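Once you've had a glance at the structure underneath, I'll fire off some questions.
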Amino acid sequence: MLFGILVNEGPYQHQASDSAYLFAKAAIEEGHKIFRVFFYHDGVNNGTRLATPPQDDRHIPNRWSELAKEHEIDLVLCVAAAQRRGMVDPDEMKRNKKDADNIAEKFRISGLGQLIEAGVQAERLITFGD
Amino acid sequence: MLHTVNKSPFEKNSLETCLRLIDESSSILLIEDGVYGALKNTSVSDSVINAQKTTKIYVLGPDLKARGLDKSSLISNIEIIDYKGFVNLTIENEKIQNWL
Amino acid sequence: MEEELESGVVKKFLYINRRAPHGTVYAHEALEVVLIGAAFEQDVSLAFIDDGVFQLKKDQDTSEINTKNFSKIFSALEMYDVEKLYVEKESLESRGLTEDDLSVDVKVIDSSEMKKLITDSEVIFNF
């Protein structure tokens, strides 16, 4: 089964990103594929590589990066939501003349069309939000 | 259709709306703060028990446990499942509606 | 199934709006998805349930709170071929609103019709 996952909340504030991660992990363990995880609204904050949670806490952005590396998952931050919230990849840094980028490994920034495409292509679309 | 609810019924009307708008072949999975909707002896228990006549209700075990709850706290015939069970429900049901 | 996943697939998309505007960004950003999604030539419906009906209240003016008055976009949806807007009667009535209070033409349906709309949809977005 091919899954699309939509994450609408940022890390640490709300359980949504944790639930989405645990769902994605379980789906993969059951032999299914994740077509794409799309991060929208404050969900784009899951893609920062600058988070430094305490050692005894889970590292939410890194956890997504690791899962994506191991299982070839497409992690997409919505560009409009990302720009508003200061999530920047190297291309966006150049285009908007910023002095840094802050995107974590395996995440990429793209348009909302990627979410619609996930709705069309995936056999199941599940949303985790507030 | 699988319906998930992630809000406490004492905070927001997501469960109430879900119960109003689901058709009879649906299943409901309570996750995150939604698990409080599965508790017995609450102001919403009766409507949940009533829904059970036509709708199978599940609750996500890890979320239940995290909140200090277990089977003994729940309305009877609510099934506790893990994330693997969650995934399987999304496969058994062709469509998913997430009440936030 | 593989065949069907190629381009040209038309699915029934339903956007469920259950939040009031302005207090949070969800309603506004949901509308942005609708606008982008319109280009994909899918079968699109919008449902307004619970506080979502407040999104359609006419005469919204955000000039004194310095936010974007995205409620104006609803009347432009027709140009994007998004024409199926459904409002749940029970949600409207319990909030003291009538169809005359709304800024755009919608179809007011009761909860049993809303139930059918949800059941008949294939991809459902909630923000």
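Chains here go by letter, A, B and C, matching the order in which they are written, and residues are numbered from 1 within each.
Simple rule for what comes next: a contact is a pair of C-beta atoms (placed from the backbone, for glycine too) under 8 Å apart; a residue touches a chain by one contact, two chains touch by 3 or more.
These numbers were taken from a predicted model, which means no experiment stands behind them.
If you sketch which chains touch which, every chain touches every other chain without exception. Between B-C and A-B, more C-beta contact pairs join the chains of A-B.
Mean C-alpha position of chain B lies 25 Å from that of chain C.
If you average the CA atoms of chain A and of chain B, the two centres end up 26 Å from each other.
Residues of chain C found to touch two or more other chains are 124, 126-127. Chain contacts: chain B has residues 96, 98, 100 touching two or more partner chains. Of all residues in chain A, those touching 2 or more other chains are 8, 125, 127, 129, listed in ascending order.
Looking at the complex, you find that chain C touches chain A at residues 1, 5, 9, 11, 13, 25-26, 29, 32-33, 36-37, 39-40, 42, 123-127.
Contact residues on chain A toward chain B in their complex (touch as defined above): 1, 3, 8, 15-16, 19, 22-23, 25-27, 29-30, 32, 124-130.
Put simply, chain B touches chain A in their complex at residues 4, 6, 31-33, 62-63, 82-84, 86-88, 90-91, 96, 98, 100. Interface of chain B with chain C (complex): residues 1, 13-14, 17, 20-23, 95-100.
Interface of chain C with chain B (complex): residues 16, 18, 49-50, 90, 111, 114-116, 118-119, 121-122, 124, 126-127.
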